[in-house]
């Protein structure tokens, strides 16, 4: 599902049920199954045969939901958080820096909630492979179960393993190593061991605190990694509002001006799912489109420390 | 389980390579055996010398244009707290070598008769203030001189990361100012994967299309719609793509969007010349290609629509949305937020899209050195904006 | 050389004070001797208890609403590298106290019969997993519980920094979303100083005008132009300004901008009542005040024009520029860049302005703790935009 | 000059000569003096009697310059850089955080190039006082000379002093202390000594490297400072361009479209000073106003570490 789009929903497929932009869930479609939520009862039989991206009505026409195709980006929004997870900006930047493409072999530790794992698998499929390691047993089990359910076992191998104590158990196979560990510096030697030496190997360490970066950079330097570079990547969301911006002449003439926010957009958003009703109220034509950053934003995720391991011998 | 080896282990003849110089300047060169590669004041080397050598190492240019692996120094331990020492008075007169002597050393260095290391040693030995400097200042001084005199370079692969970084720094207008973090988000948001079919508009000379192609394998396809008669996807030629990868790209002029393909009916007179026949062949191939491309477009159900355009974004999207599949992503890039607002408003008011988002990426690089860790003092002003949305399937008529 | 003492050393009766709670929630209260100040789940205390006490200390609420200075713990040394320990399984069942027992403790705490310290001690002693936690997890757990149970608070002065921060967090719409870094830049760009004469438009309930007044001394003056009949500069009342400071503010309705002041001619009948006479007095004072304000405006040559408006910015500036002196600053704030573009374009094309700049401020706060230093995980999306320009003197006719 | 605006230029006044947005200089106007630059010769006698903000022509009408009133913000742009200087965003934020207002007593160390000193003086005048300390003798002398020339001696006292070795030499007088030192942690004890204890004292340390922040925060904590908070503040400059954004129908119809950037704005900027010529070419009306951040921006100045010193005894 995650590295091969389909057009129609079939029995047994995974479907992302979209209620609104911050409320989604996944269901595995099964004949005669059903989904209940505040918008009504949705029968799986009504889903089967529909195109992905369709809107379906609840059993008694009370409400509706959208049926979406699973993708790593949507999975990041619905994945059960067993740990802090990686979000799209970091995932995207790291994937580019590590030059992930079909055919690449990647090592990830720890697996965490598997948000990044799904994205890596999507990017390196069908010929690449992800070896992912998680030292927390219950998390490892949950992730393993998800990889099976998501048909990723040909791309992803998960192992419950303490890589700080025992290394990755592989030598010279990885194009890239990704570390998301509290003490990444202790995994640098093992990472070096796991990386290919016949071409440029790449490593990324993901750490929230600057002290972790400082120690990791020293360890990378000591182990012969080069071009140690560190970044942060975030995104800022914008909203738009349509507002009147009347000339001050109106105030000089003593007119009353209505500055009320046009609530259309907010209504529109609410109507993405839920009760059926009308939404096509037109804007007043004296309004101006203004954008501003959404009030609250993510201020930090982690520092991304990168380095390369140059090939063993320059011929 | 070990996958096909993708990465170039060594520089091959005919490859494009990014050469990064000590000044942190860079250039893209095509490595042809008989050429000399000139790095200006950093000297010249024989391209043939680099063929077969590994990427990622630092090479120093030696006498006669040969190159040798150079050992990098690790972190130094200069202490920032000494950075501002009381006694030092900046004075160009503390250098005992004359301007002419230094110029002479430079000339000898370019000819390969003296190494950068030797120059820097001369400079420090003849600088009266050098010994009075703190370790921090010494380290800064040497680094500055190395950037000036070291005839070394690092060859980098023309990966999407490196190529986008190169053009963003040296010619951002060419790629419509898209920064690598933003480009990476385009790839993620569009859910690009090995065998996706992607419809793309890239008025930024193919930087976006190169990124899409780099994530393709067998079964994957990119259809680029361009203005003018022929596409200008110049960036692609730097990517060292295999013929198989290049074959995943089709392109179509906007002017052919509504074109009706008639059967190819050109007949040659009986005594046609070889030239005439070759011409007909060419036109027939062109006809077949156009026909195939239009068939592909009109099959629709594309897995993503990715747009970076100089035209009105809303007008472009309106034209191409019919070809995008359900539950597939629309992703539009622009340098200016204002260029996306009309499309943003239209998408939000439309009933055919979910999760309409306008985002700006923010990227920050740091210097990480013992005792001297801080964000870089200069940075790019912005990396662009992305408007994205999930496209819904049209309501089905059959129920 | 020691200047007049400006800062309030202690809380005075009738002052507005910002009360910051352990949850990092905050509220502004007016300290009146007979009142109780309710902090919701953090308890209540007698306002009289705070009068005469110093700002900036942490006070804990005790039984009966009295307060006592609370000693702050310094930095702890929990180690982030242990943050993710392998053995721990999150399990609410590890708490042996029942929900009812904990609720009972909370009730007792609110009544002052048990201290927050004692509650937290009970919780940790009864948490089976607590001893298995790493020092990092223990520290995080205690901090979380402190935020929940500590009945302590810090009284802060209603300085511009604190008041702007308070409204930006809890009611940004009131102050038109101006963040303190942006507001600070407005003050710098406008070159506000003690005896400047400033013309201001502040549709953000007086946050900007409060900031201007805070930098005024004798000789300084702010003239605020507002819509409607009376100004709404509500923020001023939280600032604890002295009467002298408040007297530096004049205000004028836009509707009076072109008003012609006629001599005051109202005559009372011979047997006018006391009410009639009082009314005439009031109208005469109003007439004098309006006359004085208009005189001040029309004298022109203001030292700065500072604008934060809900109206079209260009239309506002066009009206007020004639009153601004030469080599003086025009500074316009808005939450949206788009709201400033028309004015930006107009200023750049005008021959009356130099150095036209549109800027956005960027502010980042960090957690600085041993081993755990990082930017705060959540932040404000934006702090607003400033359009500024140097106004030129009109060409002189006398030469 | 810096804390009192004037309307007309008189003999002996300091004037900022504005050539364009990144080229300014100061002159002290003296009868019969003159200024030569590429735009011509400008006679001081032509400046005297003009209003600040006037444009004056060169002697033979070849070019012109603008005569501006000195302000701390302009001084920051023209000050001779003897050290890294503070810029407006940091200056503004620090001034607010330290609650600088008329009447406040402030300590600054080091003086550096005096960029911040001028701003502090402007803000705390006429009743406040700045004690500024610089341990580099030549820099201290140059700054002292500027304070004299700028008539700031009633507001500013500068001392050549090694504050790390000898402290500030004052006790309990300062409302606020500002540290811009390589090893600020060594000045924390002296700062505490210098701060008033009868009300909330405030301190700010300005350091480019995070390691400096880490050590300073520890020192502040050890010395009993509270509410230790750290910030960064930067600004982003925007430029606007007028560009055509034609409908794609033009490309579908096979029309040639000219996307050339409208160069008006750039021309306008160039004409801010220099050769006399016309500039009022109107925009094409099919163009759209687009803004974008200016390409190269300041990415970091310093970390700002703040703390308060609560009054000695809560009564």
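Assorted remarks:
Order as written gives the chain letters A, B, C and D; numbering starts at 1 within each chain.
In this section, a residue touches a chain if its C-beta (ideal position, glycine included) is under 8 Å from a C-beta of that chain, and two chains touch if they have at least 3 such contacts.
Here the structure is a predicted model, which means the values were calculated and not measured.
The pair with more inter-chain C-beta contacts, choosing from A-C and C-D, is C-D. In summary, the interface at B-D recurs among the listed pairs C-D, A-B or A-C; the equivalent pair, sharing over half of its contacts by residue number, is A-C.
We define each chain's centre as the mean of its Cα atoms; on that basis subunit B and subunit C are separated by 46 Å. For the pair subunit A and subunit C, the distance between C-alpha centroids works out to 37 Å. If each chain is reduced to the centroid of its CA atoms, subunit A and subunit B end up 24 Å from each other. Counting partner chains per residue, subunit D has residues 210-211, 214, 236-237, 289, 291, 303 touching two or more of them. Residue positions of subunit B touching 2 or more other chains: 337-338, 341, 364-365, 373. On the side of subunit B, the complex with subunit A involves touching residues 1-10, 52-59, 69, 72, 74-75, 154, 157, 159-161, 180-181, 183-185, 187-189, 191, 193-196, 214-217, 301, 303, 325-329, 337, 341-342, 344-345, 348-349, 354-355, 357-366, 368, 370, 373, 385, 390-393, 395-396. Those residues of subunit B that touch subunit D in the shared complex are 80-84, 86, 89, 172, 177, 227-228, 254-255, 257-258, 309-313, 315-316, 319, 335-339, 364-365, 371-382.
Those residues of subunit D that touch subunit C in the shared complex are 3-5, 7, 18, 21, 50-55, 66-69, 71-73, 88-89, 91-93, 95-97, 99, 101-105, 119, 122-129, 157, 173, 175, 198-200, 210, 213-214, 217-218, 221-222, 226-240, 242, 265, 268-269, 272, 280, 289, 291, 303, 305, 308, 310-311, 313-315.
Of all residues in subunit D, only 83, 135-136, 138, 162, 181-183, 208-212, 236-237, 245-254, 257, 259, 288-301, 303 touch subunit B in the complex they form.
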